[in-house]
Amino acid sequence: MGIARYWREIPQRYNLIGTKCGSCGRVYFPPKAICPVCRRKSIGKMEEYKLKGTGTVETYTIIYTPPPHFEGEEPYAIALIKMDEGCYLMGEIVDCDFEDIHIGMKVEACFRRIEEDGTRGAIQYGYKFKKAE
Amino acid sequence: MRDVAIIGSGVTKFGELWEKSLADLVAEAGISAIMDAGIDGTDIDAMYIGGMSAGRFVGQEHLGALAAEVSGLSELHIPSTRVEAACASGGLALHSGYLAVASGMYDTVIVGGAEKMTDVAGKEATNILASAADREWEAFFGATFPGLYALLARYHMHKYGTTPEQLAAVAVKNHHNGSMNPKAQYRREITIEDVLNSTMVADPLHLLDCSPITDGAASAVITSVEKAKEYTDDIIKIKASAQASDSISLAGRSRFDALPATIEAAKRAYKQAGIEPSDIDFAEVHDCFTIAEIMAIEDLGFFKKGEGGKAAEEGLTALDGEIPINTSGGLKSKGHPVGATGIAQIHELLLQLRGKADKRQIEKAEIGLAHNVGGSGGTAVIHILEAI
Amino acid sequence: MEKVGIVGYGAYVPRYRIKAEEIARVWGKNGKSISAGLGVYEKSVPSMDEDTATISVEAARRAIKFSGVDPTEIGAVYVGSESHPYAVKPTATIVGEAIGATPDMTAADYEFACKAGTAAIQTCMGLVKSDMIKYGMAIGADVSQAAPGDALEYAASAGGAAYIIGKDNIIAEINETVSYTTDTPDFWRREGEPYPGHGERFTGEPAYFKQVLSATKKLMDKMGTKPSDYDYVVFHQPNGKFPMRAAKRLGFSKEQVEEGLLCPIIGNTYSGSTMIGLSAVLDVAKPGDRILATSYGSGAGSDSFDITVTDKIEGYPRNNIRKMIENKVYVDYALYMKYRGEFK
């Protein structure tokens, strides 16, 4: 991934900055330019909103065949997480035994290394999740 | 809008076709469709070709012009368009061609789909396939394509009690069907144990729950029903051609026990055809993973939500079952050259509707449905064909 | 003179551990005698996706969460480490961004072997005292390197701690700080080299003990204090033995050292060492308790701090670091090497 592409998304990747519809109050992540529920009414009213980082595992998988940028890290857990604000997002679950991961598990965001562009390129950081403390 | 018919189709052998290039495959499929239709190249008004990622698989974009050239049509300067909707690119090529003929813009159109996937290493192919998913917000964080379906499988299992054995039953059935398909990539029977003992790819999906990486191409010739009569008495009508979209990311959705795009596209297709799911005699559904077939037969209305696993296990979708599913062997056994899959499904419907499916011919084949999915359900394309 | 001190702190130690015995097994050594000799029984191991930046962020986020400090009021972020993920490109900007302190702040990375984090505390104290900034964030963190088979391997571990330095709502006042610095080449890592080299026994007397004892004595002289005036003392912990020996030579008791001595169970977290140890003490300290903390960085120098815990400590969420350390999972040497990215 190019440097600018990573840099652009630092607010989301580091701090879970999404948007909140000023019309209905729904929270979206990643940010949306328009609320799919309020549509026209939401235009110009989508406000920056920082997710708390806590949520619940909706479903999960353990990846044994990784993409190139995760090679060597397998097996690892990926979950679809329902954030407390109501939106879903996808992320890795770290520091948790696979047997302990279950649908309904409470998780919280943590800060980890996601990928690096070889040994000479940039390191990309972002959110992952761990069992809520 | 006028009625549209399919008058011919063709597929290449599916598999690891080391000797064949993307251009070879496109030409071979196109020529066999034209031969099957009994038309001449000069009869063709336009071409639509589906391909997911020739740009990344073989470094070749501009597939429309390439396809026209290798099919010997470039000097006719026909409009040739590449369409893309990840793994639903083939289905979308037919839908595009259908719209062009139905509108009266063109009379006879050749549609096709092709993917040459083995010119890159397996890992790279997997990475390219992941671009059908949301790269920024899902793939970046480590989600793979099998991983996305594994998330859906886990959810289905949790909600409905679907079992790994039921998932495996889909693969077993499709390999059985594929064993009778000379074009299929894997023509060997497998057992439930084989599936359950195969390498875990993305828990709960094993290697044998996944469709393979495949080279192949498929093509079909469509024209108005009126004009079709000039070429053949054996007319296969496109009763419905429907498309629906959904968020590219799973996280952008609100339900995970179904592919909402399939449900929507099916609703539109049944309405267009004026029929009910129970009127469908057989179907080719998008079984890129076993869970995908289970969700598809529910989302298409063949079985109640949550009962797809049981249906597979009880043989209701076998060749001699209530509604035979994936008589060709499906993506699982026949292979899944992503861009070609949607058209290859149409080819199988044609064989069955014409009574030419040989050993895998089903008894009652009057109305067939083809269901083609892009990514993890960002696009769904459904066609209903009927022999008239 | 206006008071300056610790407004918030947070520490972080990765979840994985390897036992010294397991390392000894691989190299054909007697694990039990090595553990007894070094006073190190197990050490923390970072996960594959953890590095000095992620550990710093986790520690810093805890400090902010526990203290309730508005991150936009943090005017400086300094990260001290000898294992910054980049040779050129600051860890501190990553931390600043991840805690929401950017862009109105200054930032830099520090390196002074194991004492870069306490050097950052001193810098923040100066900036706060001079009213250049309201709050400063000083972090010491490392995912320390050790060549496979080297004696360092039994202790070199990962962890970090972050301190918010300010004048308001101080939970622990820093009464004084002094430093003692000389050019003593006891331990080093050359540019581009993956592992540090060291002077073996030379790292002891002329290096660690010389600086630690001198700085600590200098501080007590300046403050007019004696060891018994302190409830707790924390020294840099390259192993479990050195801080005990330093304490004994200065006249501190075993009990004064123990609360902040984590090396036996997490190893040497390098830049994190003194700072995590101090956090363990703050986790249990009562208002009025007096703490002496002396770091050590090879090369060589020591920073010594005289600290008095205030009433405000009672409202601060505590008992964190030892609880975190208890939540551990052991890995064998092969997994340890994999997590360390040693398989090329």
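So that you can tell them apart, the chains are marked A, B and C in the order they are listed, and the count of residues begins at 1 in each.
We adopt the following convention: a residue touches a chain if its C-beta (ideal position, glycine included) is under 8 Å from a C-beta of that chain, and two chains touch if they have at least 3 such contacts.
This is a predicted model, so every value here is computed, not measured.
> By Cα centroids, which chain is closest to the centre of the whole protein?
That would be chain A.
> Of all chains present, which has the mean Cα position farthest from that of chain C?
Following the centroid criterion, the farthest chain would be B.
> If you average the CA atoms of chain A and of chain C, how many Å lie between those two points?
Roughly 31 Å separates the two chain centres.
> How far is the middle of chain B from the middle of chain C, if each middle is the mean of its Cα atoms, in Å?
Averaging C-alpha atoms per chain gives centres 59 Å apart.
> Of all residues in chain A, which are in touch with two or more distinct other chains?
73, 114, 128
> Residues of chain A touching chain B in their complex?
1, 9, 30, 58-71, 73, 76, 78-80, 87-92, 103, 114-115, 126-128
> Can you tell me which positions in chain B touch chain A when the two form their complex?
123-124, 126-127, 130, 136-144, 146-147, 150-155, 158, 199-205, 249-253, 256
> Can you check the complex and tell me which residues of chain A touch chain C?
Listed in rising order, the residues are 10, 14-15, 72-73, 94-95, 97, 110-114, 123, 125, 128.
> Please output the residues of chain C touching chain A within their complex, sorted ascending.
The touching residues are 15, 47-51, 53-54, 57-58, 61, 85-86, 94, 97-98, 100, 329, 338, 341, 343.
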